[in-house]
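After this come two complexes, each holding chain A, first together with chain B and then together with chain C.
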Partner chain A sequence: MTDKSPTDAPNAARKRWMAVLARAGANAIAARLEGIGEIPAFVRLRGPEIGLAMARGRTGGGGAPFNLGEVAVTRCTVRAEGGPIGHAYVTGRDARHAELAAQVDALMQDASRAAELERSVIAPLEAAETVRRATIAAKAEATKVRFFAMRNMRT
Partner chain B sequence: MNDTLTAGFDDPVAGAQRCFRAVLDAMARPGRIETIGGVAPPEPLGIAAGAVLLTLTDHETPLWLDPAAAAARQWLAFHSGAPTAADPATATFALALGLPDLTRFAAGTHEGPETSATVVVQLPSLTGGTALRLRGPGIETTALLAPAGLPADFPAIWQRNRGLFPAGIDLILCAGADLAALPRTVGIEEA
Partner chain C sequence: MYVTVKGGEKAIDAAHAWMAEERRGDPAVPEIGVAQIAEQLGRAVDRVMGEGSLYDRDLAALALKQSQGDAIEAAFLLRAYRTTLPRFAHTTPIDTASMRAERRVSAIFKDLPGGQILGPTYDYTHRLLDFALAAGGPVPAAPMAEPDTAPLPRVPDILGHEGLLEADADADATLDAVPGDLTREPLMFPAGRDIRLQALARGDEGFLLALGYSTQRGYGGSHPFAGEIRMGEVSLEIEPAELGFAIDIGDIVVTECQMVNQFKGSKTVPAQFTRGYGLVFGHAERKAMAMALVDRAMRAEELGEECTAPAQNVEFVLYHSDNIEATGFVEHLKLPHYVDFQSELQNVRRMRSELREAAE
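Our next item is the complex of A and B:
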């Protein structure tokens, strides 16, 4: 196994939307899909099924890999009627989330729908995720201890 | 991406468990025909052959696939995760349409007889062929099995495989939804 994640790979675009879908919640995806109108029927090829994956980290962020712990992962594979196959792997045990993410992944591969889905599903979900992360970062930032300032106080 | 991929077991857990039980019973009672359902494998796989491979293979068991069954490779790889063995000698499981040359597969060793290959042979039918009389563990006196599509010298071929005991190949014969097993312990003669 390599840890490389090339950003210029042909699947970079698909990777991006799959990541966005995996981080969004089932309700958020469902709400965005409501505005889309008619979507085709799907056949479940596998799952949704729940399993475990070992999450690994690196000591100090760049050192030797170690096993951090197991996380629950739900995966699902669906095929849009007569169309491409969509996959989803999401953390947690939400089967509906995995299925919705797989459905959107299948629809995104249909060139005639991709632009509309990107505009009304992927981009808003990505924006919401960015806001959520920024909020957490801002809250954490407020509690940061400035050791440099403390040293200045003593002198 | 190939868009012909279809679903595996209707109910993955119960389907695989039922099939495992059927294989277990067939192995324990050579000659007995078990029937399997709950799965619709792609051509050229029959229900039984597809179900057995989904049940028994996983990412740790290299699978050798008969070139004539290459159309089923994607389905098997997706649902079982089994790697492909290019060389039959490295395969843990094998799928063949018709009896392959059994000497090409790993027969195991006296120290590790469990490392032998299990070969799934898909035949046109498990009835109506040349009758074979089976003896051995799991059979009280004798059992009869008449699979169609095996070569005429099958009893002689099997005798050589049985001579390797405790090593040797185990066969699972599949036809449509039916399966029967010929473990390495069984003795076969023409009825």
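Our next item is the complex of A and C:
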């Protein structure tokens, strides 16, 4: 799924911020947006609405797909006044989360705002997610078994 | 047959009111919050999400509160709720090899690359009641260590290179292939492995546990080893039509089990280990292991084995694995069968009187 074709490059940036927004909670996004100056009004084009995504797995982990079960998802589409359209699909049923994510997606497509939003919203949210994952990885690492007795016997 | 009857509304209302009061319990005891259930009864939440076939921790927690902890009733509530929602998309198949594993153990390779990660587990506890928990109180923080960034290759990928372990079935199948979907089409036979795995993933843990256990005890035995069990977060990706490219929509926790089984080989296939597969929502190791055992057992016919045991009988397993269907049919016996029973009663009376007359 890692398409490196040049035409995909703009999408790569957008995919990144959409992934960051999908994982941040509504409160976290809202708090980050407070530091931003005036933002335009938005028109809701669709939603926010709750629905389902059928999660698929692969037979044996690497074979043909099968349907594992459904996941609650909320989506929203907005247009910034006189600006681009923002989309969001986020796991869970938090309408505010989906709407804020769609709003930021719209704003991020505005070149005059993207740099500030990246600095004030996307980068800090991404850093928080990185810390969350690192904490889990660190706790997992602490439970890794060291077979010291066996190793000593062999050497 | 059961018939609808009028009357009883007041009795039903009173019964439901009493149920609500009983669910609340002693008002002197603080009411339990949905967030508390989601946070502190995680394994019950995982089970309800799996058997309800809907991943949503908060909804599963609410369902558990509403059902007073009755897992099947709670799963039923989730199944009912999902029918009210539109389906926006399907995800690209999740990649368990890139799981951010909290737990990953193998019972067949001590020194597998990436190591044995025990994670948060009840294994190795002495199953002694912890009376300190009754009192409550702060919990010390879990230890941390500098994470190893080495990848965690899947055991089939490690052993597969030598051909000793069967490859993933249809590994070449395109990821866009459309699998069968039990939520859209009724169960039909013969059922492909895609349908079987979906049915098992949403199947009743107790039923699958018992069937898996039966294979170990000799009813369709295939000498299993826990090749690998891993649990952790995986990313979900969908490709909305309006965007035209795949986007990441968040994470879910899943448990995966690769069961490795003995296989004698045949005239055409050299001896190799075969595999059974388990994948379930949440942290649900027992269910994932049982699912893998039963998945492998149901491959008996495909692998040219004799089909003699319940777990090998695909129809038997799939027709009885769904606890919502099972509870519906078992519990419907409670509904009024007055007319049915009256006719049976008449039959029995007539037969008895005929017998009596014949004797006279």
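Assume the second predicted complex is superposed on the first by the 131 of 155 C-alpha atoms of A that agree within 3 Å, B and C clash if a C-alpha of one lies under 4 Å from a C-alpha of the other, contacts with A are read in each partner's own complex, and residues count from 1 in each chain.
The criterion applied here is as follows: a residue touches a chain if its C-beta (ideal position, glycine included) is under 8 Å from a C-beta of that chain, and two chains touch if they have at least 3 such contacts.
Values in this document were obtained by computation on a predicted structure and should not be read as measured data.
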First (chain B), second (chain C), both or neither touched by A:A22: second
Touching partner for A:E141 - first (chain B), second (chain C), both, neither: second
First, second, both or neither for A:R44, with chain B first and chain C second: first
Touching partner for A:N11 - first (chain B), second (chain C), both, neither: second
First (chain B), second (chain C), both or neither touched by A:G61: second
Contacts of A:R93 with chain B and chain C, given as first, second, both or neither: second
First (chain B), second (chain C), both or neither touched by A:E70: second
Winner by number of chain A residues touched, once chain B and chain C are compared: C
Chain A residues contacted in one complex by chain B, in the other by chain C: 49, 77
Complex contact set, residues of chain A against chain C: 1, 8, 11, 15, 18-19, 22-23, 49-73, 75, 77, 87, 89-93, 133-145, 147, 150
Chain A-facing residues of chain B, complex: 1, 3, 5-8, 12, 78-79
In the complex, chain C residues that touch chain A: 49-50, 53-56, 58-59, 82, 85-94, 96-97, 100-103, 110-111, 115-120, 142-148, 154, 156-157, 168-171, 173, 175, 177-183, 193-195, 197-198, 201-202, 232-233, 235-238, 240, 242-243, 245-252, 254, 256, 258, 275, 277, 279-281
Partner chain B, residues of chain A touching it in the complex: 43-46, 49, 77, 79, 82-85
